[in-house]
Every structure is written in C-alpha cells, then in structure tokens.
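So, here's a batch of structures to check.
Each of the next two complexes has chain A plus one more chain, namely chain B in the first and chain C in the second.
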Partner chain A sequence: MALDIVTGNHAAGYALSRAGEANRRALGAACGIYPITPQTEIIEYVSKFPFTKGAVVPVESEHSAMGVAIGASLAGARAFTASSSNGLAYMAENIMVAGYYRCPIVMVAVNRTLGPPWNIWADQGDTLMMRDLAWLQFYCETNQEVLDTTLMAFRIAEDPRVMLPAMVIMDAFIMSHTQCETDLPDQTLVDAFLPTCDVPHRTKVEHPTTIGGLVWPLETVSQRLEVDEAMARVPEVYEEHRQRFYDLFGRDPGAAVQPYEVTGAEAVLVATESIATTAREVVKRRRARGEKVGLLKLKMFRPFPDEQLNELLAGVPKIGVLDRNYGASVGGIFGMELRAALQGRGAGALVQDYLTGIGGGDVTEAMVEEVLDDLLARTRGGRPVWKGVKS
Partner chain B sequence: MSSLSVYNEALDHDFLLRPGNTNCGGCGMSIGLTMFGRVLEEAHEKAVMVIPACCGIVTAGAFPTTSYQTPVIASTFAAAPAFASGVAAVHRLTDNPAHVVCWAGDGGTYDIGLGTLSAAAERNENIIYICYDNEIYGNTGGQRSSATPPGARTTTTASGKREPKKDVMSILAAHRIPYAATLSVAHPEDFKRKVRHALKEKGLRFLLMLSPCPTGWKSESDYSVDLVRRAVRSGLFPLYEVFDGARYRVNAAPDGLDVAEYFKGQNRFPMDSLDLSAARETVAKESARLKTLAETWPAEATEGMA
Partner chain C sequence: MIEIRIHGRGGQGGVTLAKVIATTRFLQGDSVQAFGLYAAERAGAPIQAFCRFSAEPITRRTPITEPDHIILLDPTLASLGVTQGLKAGGWVLVNSPDTPEALAKQFPGYRVAAVDATEIARTHELGTRALPIVNTALAGAVGRMLDMPLEWVEAGLTHLGFIGPNLGAARDAYAATRLGAQPVAAPALDAPAPKLDRIPGLVTGNTGATPKVRTGNWATQRPVRHGQTPPCNDVCPAGNDVQGFLHALADKDVNRALEILLETSPLPGVCGRVCQGPCMEACNRISYDEGVNVRGLERFASDHGHIELRPPPAREEQVAVVGSGPGGLSAAYHLARLGYAVTLHEAEGQLGGLLRTGIPEYRLPDAALDRDLTRILMLGVKVQVNDRVDRARLTELTKSSDAVLVATGLQHLRPMDLGEVPPWSVVQGIDFLAQAHEGQAVVEGLRVAVVGGGNTAFDAARTAVRLGAASVDVVYRRTRAEMPAIPEEIEEALEEGVKLSCLELPVAFVPGRLTCRSMKLGANDASGRPRPVEVLGSEHDIMCDLVILALGQSPELSLFPEGARVSVSAERQPVAAPMSAPIYAVGDVATQAGTVSAAIGSGRRAAYALHERFTGERLAAAVHDPDGVIHPDRMHMHLFEHAARHGDRVQPIEARTYTEEVHMGLEDASEAARCLSCGVCNQCGRCVTYCPEGVLVLKEGQVAFDYDYCKGCGVCAAECPRGGIVMERL
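So, the complex of A and B:
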C-alpha cells in the first residue's frame, strides 16, 4: 500500500490496470480505448500500463471501444473501458449488448453534461441515460471510493451469481481532475482480492455456440427475468465482497446506501457523488445546532436499492433529493425513482426534488442550506425546484 | 445409396454451416459459407465468427438451435470488426490458433460498418473479413445500399438506382492491408486458393464475394452460380487480388460476354430503361484500370499461389 496524491482519473486508471493485470493468471485482459474529456487520462493511464498479458486496442469510436470489450469478454478475458457524456451516448447500443450478453465488463464513467450545447462540466444525465441497460451503477464520492469501487465492481460483475457489467461513476473535474490523498494498493493485494475471471459462456471451438441469434418473445421474457434475478442478488453479493474487501485492505469501500444522522430525522437529504460531501458538512453543522436533519448518500443506483431505501427512510417525514441531472419535463431522475420506490409502501413522506448543479454549476454549502430551509418549511411536495438559476 | 447413408456421410463433415438450415434456395451467401467451411475443414483449422445484423445471423435460426457448427458472436450492425478485434486480442494473448472471421453483408460493410472496418484495417487487426455482397439490404426486404449497382430496382429505388456502386475493394486496398481479393462461387478453385492464402496470411484480410439473392434480385434460385459466372465473364465483377495494397493480380479477365447477358436473368433490372452502353463503358474502364494496375505493379509470381 502506498499513499499518494492523485486525481480521480488516476485512481480509476490505476484500479482498471491492476485489475486487468490480476487476470494474467488466466485469459488476460483487454480493453478498447477512445478519448473524451474529462476521462481521457484514464485511458492514457491504461495505454501506458505494462500488462503481462493484456491488450489495449486504440479504436476509432466509443461504440467500438465497447465492441472490443464485448469481444474480449466473450473470448474470456477481463474487459474494461472508460467513457463520458456524448461518448456514452454514442456507445449506447453496445452498452446494452454488454448487459444482455452478460459480459462482466467494468467501465469507469465520468459524469459530464450531454451536449448540446458544448459543456464539459459535471452532470449526471449521461450515465443516467444508461440506467435501464442491464448494468450495475455505482456513484462515487471520493477518489479513494472510485479506486475501491472499481476493484469491487470487477469482483461483483464477475461473480457467477451476478455476471453483469458494472459502471463506476464520478463527477467531471470535481473528482476526475482533483488530486486527493488516495491509498494505492499493491498488485499482490489486488491479486488476492480478485480471483481469475471466468466467463462461462465464452466462445470455445470445441463447444460451439451461437451468441445472440434469433429468439422468440418467450425466450426474451426468460432472459430479461434472469437479468432481473441476477440484479436482485447484487445487494447480498455486494455486502459479502465489501466484507472481504475490508478484511483484505483494512478499509471500507462503502455501503450501497450510506445513511448519516438519519435516525430520528425530520428531514433527510438524498445525494450522490461529491454533492454528498457538501451536504454532509451542512447536515453536521445543523445537527450540532440541534436540528433533526440527516443525509442519505446513494451509492448503488443499479440495482435500485428500494428495500434499503424504504427501510432507512421509514418514518422520515420530509425527503429532499439533490439531483445534478435533468430529465426533460420530469425533473431529477434520482428524485423520480426515489418517489416511485417509496410510493405505496405506507411511508407517506414528502419527497421534494431539487435540481442542483445542472451543467456543472457549483453546489455550495449555501445552496444546500437553502434547500434544507425550503424542505423544512414545506407542508407538501411540488414541482422540482431549480437551484443556481441566473437571476 | 440410401438416404440414410447420405445422412451418415454428411455427419463425417466438420461443417461450418450445418445441413437443414432455412436459408433461401440459391442463396449465394449460403454457397459461399459452405465453400469457406470446406476450405477450413481441409486446412484442419477452426474459426470463431463475428456476424453483424444480416442474413448471415438469421442463418443460425431460432434459439436454442443453431445452424453454425463453430462459435458465433452476433454483433451490432456497425461493430463486427470491433467485436472481432476484441476476440482477436484475446486469441493473441492466449495463443489460441482459431481464426477470427467477420462474415457480413454489404449493408454492414459498405455502409453502416465502413468506419469500423476502416479502423480495424488501419490497425491491421488479425481478422479475416468476408463480405458477401448481395447489393441490397436483403434481410429487410431489399433496400438500396451503396453496393447496389446503377439501374437496379430496389424497394427504395423504384425506378432503378442512379448512382454508381461504391468501389469498396479500392477503399480497403488503400489501407495497405496484407490481402484483399474478390471471390466467385462460380470459380471454386480460385475461391479455394484465395481463402487458403487468407488463412496463411496475418493481419486484416478482406474478401469480397458477389452473392446472388434470388429473392431480392428476382432471379431463379437455380441460376445463382451461373449469374456469378456471367458477372465475372462480362467484367461486372472482376476477379482480382491486391497484396499489401500495392501489388495486383487479375485472375480472370472479361471474355467478351456482353453485360446484357448478366442483366437479363434478373428482374431487378428493368431492361427497357437500363443504360447498357453506360454499363459497357464502366466495365471497359474498370477492366482497363485493373489491367494497368496489374501490369504496372504486378504481384510476385508465387505470392498467394501456395
């Protein structure tokens, strides 16, 4: 283990490369790489890594980057890539294929505003557009969490009970380009944490199969249902590997849903990624003043942890969701999904959505204070509240 | 010979395309697939195939059965060379001797997948890319593609296509790939030799095969092989090969058969409005161009011949 001061991109590149290297004991590692701001440093890191048994294919598009990862995964290798924003949109068709081909690919995605107009700053709309394509999604708050979660993502994705691809997500620049103290584990530790990758349905000339031919509706139902069942197993598998990670690295990679001062709270904020850090500071300050407020950080968004959310938020009268994303006409996507998850469960809570930091605007402590004031004063929920609007 | 003994004989073969598939009668793609499979079998070599959206993946049939006796990955329409690059990378890392073969139609090659193919060619990926060119989007019912020849009626060119056919061979040769060749199912010895050479070569090898589609071409299904022969003889589908994008060999020069002899067996060509003189001119120019290339930059006598 070595403490170093690195960016989120560096942490991601480090984890992807070490995880790939760990599979030198089996069929190796392969990735397709293509640049896009702000994730480019990740693929640069990967391209320079001296793999013992690894191939880095510098392709001509994000669509092909995922295509290479799918081909490599179906040939049995550990496969990964990284992308962002419009790159993810361009890749979308193959992102879906990776999911429904049950390829345990890991992709680090740096949240960047989808254009147009041309905007390189943080916004979650890109990865949220991919929320229904049979991928696991983990939204990270710190560079350390990016590194740890990337390693966890391989472990969970390749677990035979799951066998689904996973996306590890961080904010553009606020995390991708900000250096923080990060513990970079040795290869031996990564080797110990990650068993060799075994894709059971990989191509074998001695046992030829056709992957992805024609099916009828009935088989499609079965296939979708199998994905649903695999998704349902993730929370338990996650906790198992989280414990394993802790035992080995001496550090908690973080729960799927992370409550802070939620017990007995009258109002709870729900936040993701770096916004959670800011919100936690505000909550801490208000708690010190005796206000009954709390924070719930949502890390795992796919599968959607609705049981855990219902449990943790049971009896909380007011919930405010901080969404750094905008679904046209409906508002924030996290807010929409949370409202749907709580609906009909007897919770009866007020759920209010706040659009904060859309297009990469700063989500300041002052903004979170305003949000809390608004939430506490509310007697009923309403349309999403836009914050940071130019006056 | 009883039908049972024929069946037993069939089981002795290491088929690429198994008997009993549901492809149309006279499908040029099926003939080519069978011929390609025979060459592989004779060479005692294996292949993992990547097939994008096209009749070639419908060929597999409905899950859980498949007509392919070799591993097949269905890729997205534009991405067969990308999927194949991933497979090829792992084969290289693991010393897996199986060839990685893309099997794609003209829509996936000339149109939607051209950028992906160009990139794989530029990287010189260790892939054999075979395009079966039926000059239409056959799987969707016969729409124009950039491979559709001028004058041909398709469901989206009701009065015949106006633009020339894209010269995809020149595009691929311009990438300086180790091998590019055209294949004819009416010239089995030439077909076999070229596939064998492709199997021995490394890097991106591009093979273009004219593939009659009786359904789309409105031709008789027992006429397909003859049609390809006529296309070669008239010069509409020249048989040639390009080594390293630099050295040319013409395998069968046109023998004077008039282009009308190719067109008239296909109801996709409206004979009353077809510009035969333009077609003759195109053939003359293309034949002269290839002849000049092969004379100016000839292939070495032995290359590709072993």
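So, the complex of A and C:
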C-alpha cells in the first residue's frame, strides 16, 4: 500500500492492470484498446503494463476493442477495456453482446459529452445511453473510489451468481485528469482480493460450442429472465464483497447507495460522481444551520437499487435529483428512474429534477444552494429545472 | 485551504507545475488536488492549471475562480486579465527578468514575486531554447514565495522523478526569486474578466452553431512580411527593378515588363545588348544552379514590348543637356518625363555618343539604338546636333537655360609611348571603332595588336577580325581573369580567332614589330586587382603592323568654367559658383564609372536632383528595402525546381559579319520563370496553401495575415521559398 498523488485515469489503469495481472495464476489478462479523450491515459497505462500472462491488443475502433474483450472473456481470460463518449456509442452493439453473452468484462468509462456539439467535458449521457444493455454500472466520486470500485467490479462481475459485465464510471477531467492523493494497493493485496477468473461457459477445445446463435422467442425470454435474476442478486453480492474488501484493504469501497444526513430530512438531494462531493458540503453547511436536508449518493445505477432507495427515502417529502445528463424531452435520467422506482411505493414524495453541469459546466456550491432553495420552496414537482444556462 | 491558479502556455509545463506543488504539500501530509483545464490545446495556447492543498480533506470539485495566488509562466499573459478573482494579499509570481517593482504596475494591489525561470531553464537545458520548460524552476520560486523550506520542494520534485537539472533549476530559482513588498492600496475589485478561451461555449443561441474562438492569443510569435532587396536590384547601376520586370515577363506581360524598365532606364534595348550585367553576377540563383539571363530578357522586353510614352504637363524650366551618350540621354529622358523642356546638344551629326560610334554594329546595331532614342524623343526632347560645346558655348547655354547638364563622357583617350612611330600605324580604339562605323577603317591583311583588356579592346579586336585583319592579338598586362571585358565577349573573340597575349607590356613599336616586356602579377593594387610587375630583361617581339590602343579614357574638363570641381557629387551639386544657371556634370564625366548602366543611373539621379532644386520635391532614385539585401541562406532554396539557363542565341562563326548582330537574343521569355524573386512576394500563394489555419489571404498583391486567428505556427515562414516571411516574437 502506498499513498501517491495520481489522476483518476491513472487510478483506473492501475486497478485494471493489477486485476489483470492477478489472473496470471489462471488464463491471464486480455484487453482490446482504442484511444479517445479523456480516457486515453487509461489504455496508455494498461498498454505499458508488463503482464506476466496475457495480451493488450491495439485495434482500429472501439467496436473491435470490445470484440477483443468478448473473445478473450469467452476464452477464459480476465478481460477489460476503457472508453468514453462517442467511442462508447460506436462500441454499443458489442456492449450489448458482452452483456447477453454473460462476459464478466470490466470497462472503465469516463463520462464525456456525446457529440455533437463537439465537447470533451463531463456529461453522463454516454454511459446512461448504455443503461439497458445488461451491464452493471458504478458511478464513482473520487479517484480512490474509482480504483477500489474497479477491483470490486471484477469481483462482482466474475461472481458465479452474477456473471455480468460491469462499467466503472467517472467524470471527465474533474476526475480523469485531476491528481489527488490515492492509495495504490500492492499486487499481493489485489491477488488476495481477486480469485482467478473462471468463466463457466468459456469455450474449450475439447467441447466445441456455438455462442450467440439464432434462437426462438422462448429461449430469448429465458435469457432475459436469467439476466434479470442475476441483476437481482447483485446488491447482496455487492455487500458481501464490500465487507471482504474492507477486511483486506481496511477501507470501505463505498455502499451501492450512500446516505448522508437523510434521516429525518425534509428535503434530500440525490447526486452522483463529483457532484456528490459538492452537494455534501452544502448539506453539511445547511445541517449546521439546523436545516433538515440530506444527500443520497447513488453509486450503483445498474442494477437499479430500488429497494434500498425506497427504504432510505421513505417519508422524505421532497427529493431533488442533480442530473449531469439530458434525456431529450424527459430531462434527467437519474430523476426519471428514481421517480419510477418510488411510484406507488410510499406516500408520493415530490421528486424534482435539476439539470446541472450539462456538457461539463461547473457545478458550484452556489448552484447547489440555489437548487436546495428551489426544492425547499416547492409544493409540487414540475418540469426539469435547467441550471448553468447562458444568460 | 490554499488555491493556486497557474497561467501559462501549452508546452511550458503548467499542469506539471501544479502537480509538483501538490506533491510537495502531499509529502508534508496535506490533502491535495492538481489539475489542468483541458481543451484543444496546442503549444503556445494560453492554458490554466490549478493546485489546491489543505490540512483538511478537500471537497471542492470545481476549477479555481478565487485563487489565493497566481503564477504566470509567461509574462505576456499579464494582459489577459489573469488576476480575475485573485484574493487581496495574494501573490502574483511572474516568470520574468524584471524586478517585482517594475512588474507591480501591471498587478495593482497585489504582491509580486519575480524570477527569470526562462533563463534558469535554459541554463539547465530544460526543454529547448525556443520553448524552455520552466515549471521545475518555478516550483523552486513557489517554495520561496510561500515560505516553504527548499528541502520540501526538492522532496516533491524527487518524488516525481525530477532530478538532475530540474533540481538544479529549482534550487537556483529558490535563491533568485525576488519578493516584492505588500502594496499599500487594495486591488481593484473590478478587474477585467479574463479573455482566455476558458472552456469556450460550444452552442450559440438555438442554432447549434459553433461560435468562433479567437485563437490568435495562443500565439507566442507571429508571421510578418519581410520584404528584402533582391541582389540584382541592389547592384544594378541604373537602379532597375530587375525582379519586377522579370516577374512581369514570367506573367507573360511583356508590355508591363518594358514599362517597369522604362521607369528607370530609357535604354533597355541598349542595355539588353551591351550591359556588363552586374545583376547576373549577383544573382542568388548562381548558388543553386545558374544565374538568370537578365540581359537577354531585358532585350526581349525592349524588342517585343510596346509602350506609348506620353509627355506630361509641361513645366516652364528649360534644361540644356550637353552630350547624347547614355548619361545625357538618361538625364534628358527623366527630365522630359518630369515635364521639363530639354534640349540635347550633340557634337556629332547623330545622337548616341559612344553608343553609336564606340560600340560596333554587330553588338549594338543602329536600329536598336534608334528604337530607344525614338522613345526618348517621343517625350518632346529637342535636339541640336553638330553643336560642339566648348567653354564659351557653355556660358551661352547657361544664359539661355535654367540649368545645364554636361554629359560629355570620357573624351580623353589614354596614350602610350611607343617611341617614334608613323601616325598611321597606331590608332586609338575608340577612333578605330568610329572609323569602322563610317566604313573608313582599313585593316585588311594587316597584323593587328590591340593593347588593353576592356570592352573597347575586344570590340576593336573583333571588328578587326571582321574587316579582314591577317591576325589579331589582344595584348594585356595582366591575365584573362583580370580583364574588365564581359566574359562572353572574350569567349566569342577567341572563337573568332583573336589571340590573347597576356602579361605583356608593349614598350616599343616599329611597324612589323611590337616589342613587349613580360609581366608577372604582384600584390593587389588600389582597384583590388593584382598589380602587374615588369620582368626585367624579358623583351621580345610580336609581329604587328597596326597597334590599336584601348587603355581607358578619362574626362576632358576643359569646357567647364575655370575652377570647376567635377566629381561624383557633380550630378547633384553645381560644379561652380552660380553663373546664370547651375551647371551639373552627369555620367562618366563626373563618375568615370565607364559603363552604360552607371551612366543611366547617374542621369536619373541628376534629373531628380535638379527636379528637387526646382520644386523641392524629392524623388527616390533607388528603392531599397530597409531590411537589406537577401542572401541565399535566408531563402528556402530546396523548394525551387532546378532549371537549365536559357542562353542567348548566337550566330555561327561563319555567319558573323560587322553588320550582322552576333547575338540574336532569346526566342521567348520563358527564362524569366527562372527568377526566384528573392526576398520579394510574387504572390506564389504557397504560404496560403500551407497555412494549416487558413488565416492567410492574398490581398492586393500581398499576403495578409489574420492575427485574430493565427496561432503563430510558423509554417508560412518555413514554406515561403523566397524568405519573404519571418516570425516575430510577441
């Protein structure tokens, strides 16, 4: 264990490489790589890593990068890659393939605005476009959380109860290129945390099989249902490995949903990634002034933790969601999903959506203050509120 | 928490500086952040980087808008409102050789620290000399400014692997940083908003259009036109715009080419045949393959171009010009173009002076000379032939004119003492050529020795060959290399059978035998040529019936008023105390330069000087770029194609006669395309083609730069074949 100051990209590259190296005891590591700002440093890190067993394959596109990961995973390797923004869009077909081929691939995705307009800064629209493709999604707040969650993602994805790919997500630049103190665990600790990767349906020379052939509707239903059941097991599996991680590393990798001062709150903000830090500071200040406000940080978005959210938000009359994304016409996607999850379960809380930091704009404490003021003054929800609009 | 904002340019290492500061504090137990502000940066673009450190965990996730301190990696950024949001009492650390006190004016209300990190980085060879990487030096300066022990900074740098020269630079900067005083006045809170392209907005209105980002402020240097004088223009004694007329010819505009020549010289037909061609010797193309055949092209322009010269509105001043050689003709022409009433006074029956009688027909036919003369006379110049001007006549002229210009050339022919000889056996070259022009010269069957090495000697020798001499020897006391004659003339003379007898000094002559003494070359004399030294006891004879002397000429000054001072300055200043009208001396009589082109230049300068005297208006006699003459080293020669020189067509030896012009000129003007237009924009458009930003346009025959968007990459300067663009540091 060594504390150093590194970027989010460095933290991600570190975790992917050590996790891959940990599988030297089995079938090794493999990844297909293709650069795109702002994640390029991740694949640069990975491509420089001296894997004992495995291959880093430079390819001509993101679509092929995921293709390499799928092939490697189905051959039994610990497979991973990284991408961002329009690269993810181009990769989309194979992202779906990885999900329903049940490949436990881990991909670090750096949230960058989907163009056009051409824009390299943080916006969650790219990974949220992939929300229904049978991948786990973890939105991280700090460089440390990126590193820890990447290791956790392998553990959960490869858990035989899950056997699904996982995406570890961070903000462009605010995290990917910001250097902060981060604990970089030794290989031996990573080895201890991650058992060898065992993909039960991997191809074997002695038992040739076809994967992904044409099937009837009935088999398709079964396949979807199996994914649904696997997704449903994730919260429990997550908690199990979170404890194991804590025991080994002495650090909490963070719960799937992280409440802060939610108990008894009249108004709760829901936030993800770096916005959660800013919102927590505002909440802390307001609480100090005696205001009953709280924050709920959503880390795990797939599977959607609706049980936990219903439990934690039960009785909270006003909920404001800070969305750094825009789903055309509906507004924020986190807000939309939260509203749907709470629908009909409780007393009918007010859920108001705030579009903050779209296209990478700064989400300042002042902006969050405005959001809280608006939320507290509300008697009913309404159309999403746009923040940071050019006057 | 301390927040530091760093302003620099892409390539200076600003983001790394943020990391070094963060690491320095991290190793002391602080919580830290270091990050850049990312966009489409390139080397030279303004960038920002940020650093936070705090004993408490840092919870701020935004760029730093209200910094405690700022650092300027490049002092030129000071104008961009970099102090925006800087807290009162904050430091402004500037990479600059200036003192904090001098810099403080730009940052009113703030404490200023200064260090010449650029020089320190150069000393330690960090980066390149053009773009030194200043961050590790500035890390030392930050340590000093924020009162951190040097050991902390060293530990931070070492942790990041910055050792060796980087540590040295940090140590030097730590010691060299100068800290300014706390200012009395508080900072103005309404500091202007930064003009930096900080996360440029990508959407305008509802249109989705991408707004323009003015990228000109990314530049650390910018291209500027750097017109320089081509060497041909520089050396032309007539002051011709050689590059200009060649460019017009290359553009297939022969009339324009002639028009350009006629701006400076009335005798392009003459110069296109007999000029020594110093431009061709100075041609930059010689260093690449072969020089341009400028003389042949001047002849082409003169023979094929058509220009109607119209006399300008008449002025009342009357000017008398004495002598109608090139100096007199040039003065008369330029005065007439300025509207003066000019009368040419010529001693002989025809105009032209030595041009007509001193240069043989086969080199300069009367028809060619007359074509140039016709243009001059079209301007209304009056002519009095058979008017030999002596001192009395000159006095008369000063009474009937407002000014008199004497352009009588070099009338005095240098003699040679060869003992008692029959008068028919020794003749001056100039006289011989005049006789030949009149059909009076008789050399058939004679053995001829021509003494001298200039053009007159070779004209006489070749004329003698054409008129049937039995043999012709050119006797010269130096070697061929020192001969002032045009090299082609010598070559062609040898083809025609002329023999060279070099290092010979005639000392005695009796018809049949020219006794010569052998010479050897000694040290250089005042003219820069080796001085010939006699070899004692080396007398020997050359068989010879007729000696032609071509030993040079000197001015005949007897017609000037007594006490007149005739020197080079006489073309601008009257030669004597005021008489009724001022008298000037023009051309060879004043300058003794001895070439047609020099006489033309002298005539023009005299005309302009007189014009200034009459009107006070000063006309530029020669246009020279203040940036001087361009040397081939300053050009990008490799961008030109090699191309063989087009020489003049020459008559075959058997067809050469006295009257038939031996050179037939160029078939076409394609030779003009070989001119490189050294140092002069000829609108080739290469810079426009290669500009990666599309910020260059050709406007009114010149390249124009749009500095609002030029990032100063320097491609245009590198691609200008003729060295016409240079990069200027900002």
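Odds and ends about this structure:
Rule of thumb we're sticking to: the second predicted complex is superposed on the first by the 391 of 391 C-alpha atoms of A that agree within 3 Å, B and C clash if a C-alpha of one lies under 4 Å from a C-alpha of the other, contacts with A are read in each partner's own complex, and residues count from 1 in each chain.
Convention: contacts are C-beta pairs under 8 Å (C-beta built on N, C-alpha and C of every residue); 3 or more make two chains touch, one makes a residue touch a chain.
In this text, all values refer to a predicted model and were calculated from it rather than measured experimentally.
Taken together in the superposed arrangement on chain A, chain B and chain C fit without clashing. Of the two partner chains placed by superposition, A:Pro259 touches none, neither chain B nor chain C. Of the two partner chains placed around the shared chain by superposition, chain B is the only one that A:Ala30 touches, whereas chain C remains out of contact.
Residue contacts after overlaying the shared chain place A:Pro303 against neither chain B nor chain C. Judged by the touch definition given at the top, the superposed model places A:Gly332 against neither chain B nor chain C.
Residue contacts after overlaying the shared chain place A:Thr277 against chain C, while chain B stays out of touching range. Which of chain B and chain C touches more residues of chain A is settled by the count: it is B.
Of the two partner chains placed around the shared chain by superposition, chain C is the only one that A:Glu181 touches, whereas chain B remains out of contact. By the touch criterion defined above, A:Pro116 lies against chain C but remains apart from chain B after alignment on the C-alpha atoms of chain A. Once both structures are fitted on chain A, no C-alpha atom of chain B lies closer than 28 Å to one of chain C. Against chain C, the residues of chain A that register as touching in their complex are 3, 5, 7, 37-38, 116-121, 173-174, 177-181, 274-275, 277-278, 280-281, 359-365, 390. Against chain A, the residues of chain B that register as touching in their complex are 46-48, 50, 57-58, 60-64, 66, 68-76, 78-79, 81-94, 96, 98, 115-116, 118-119, 122-123. Listing the residues of chain A that touch chain B in their complex gives 27-28, 30, 32, 53-55, 57-61, 63-77, 79, 93-94, 97, 203-205, 208-216, 219.
Residue ranges on chain C touching chain A, taken from their complex, read 18-19, 22-23, 26, 31-39, 58-63, 199, 201-203, 208, 210.
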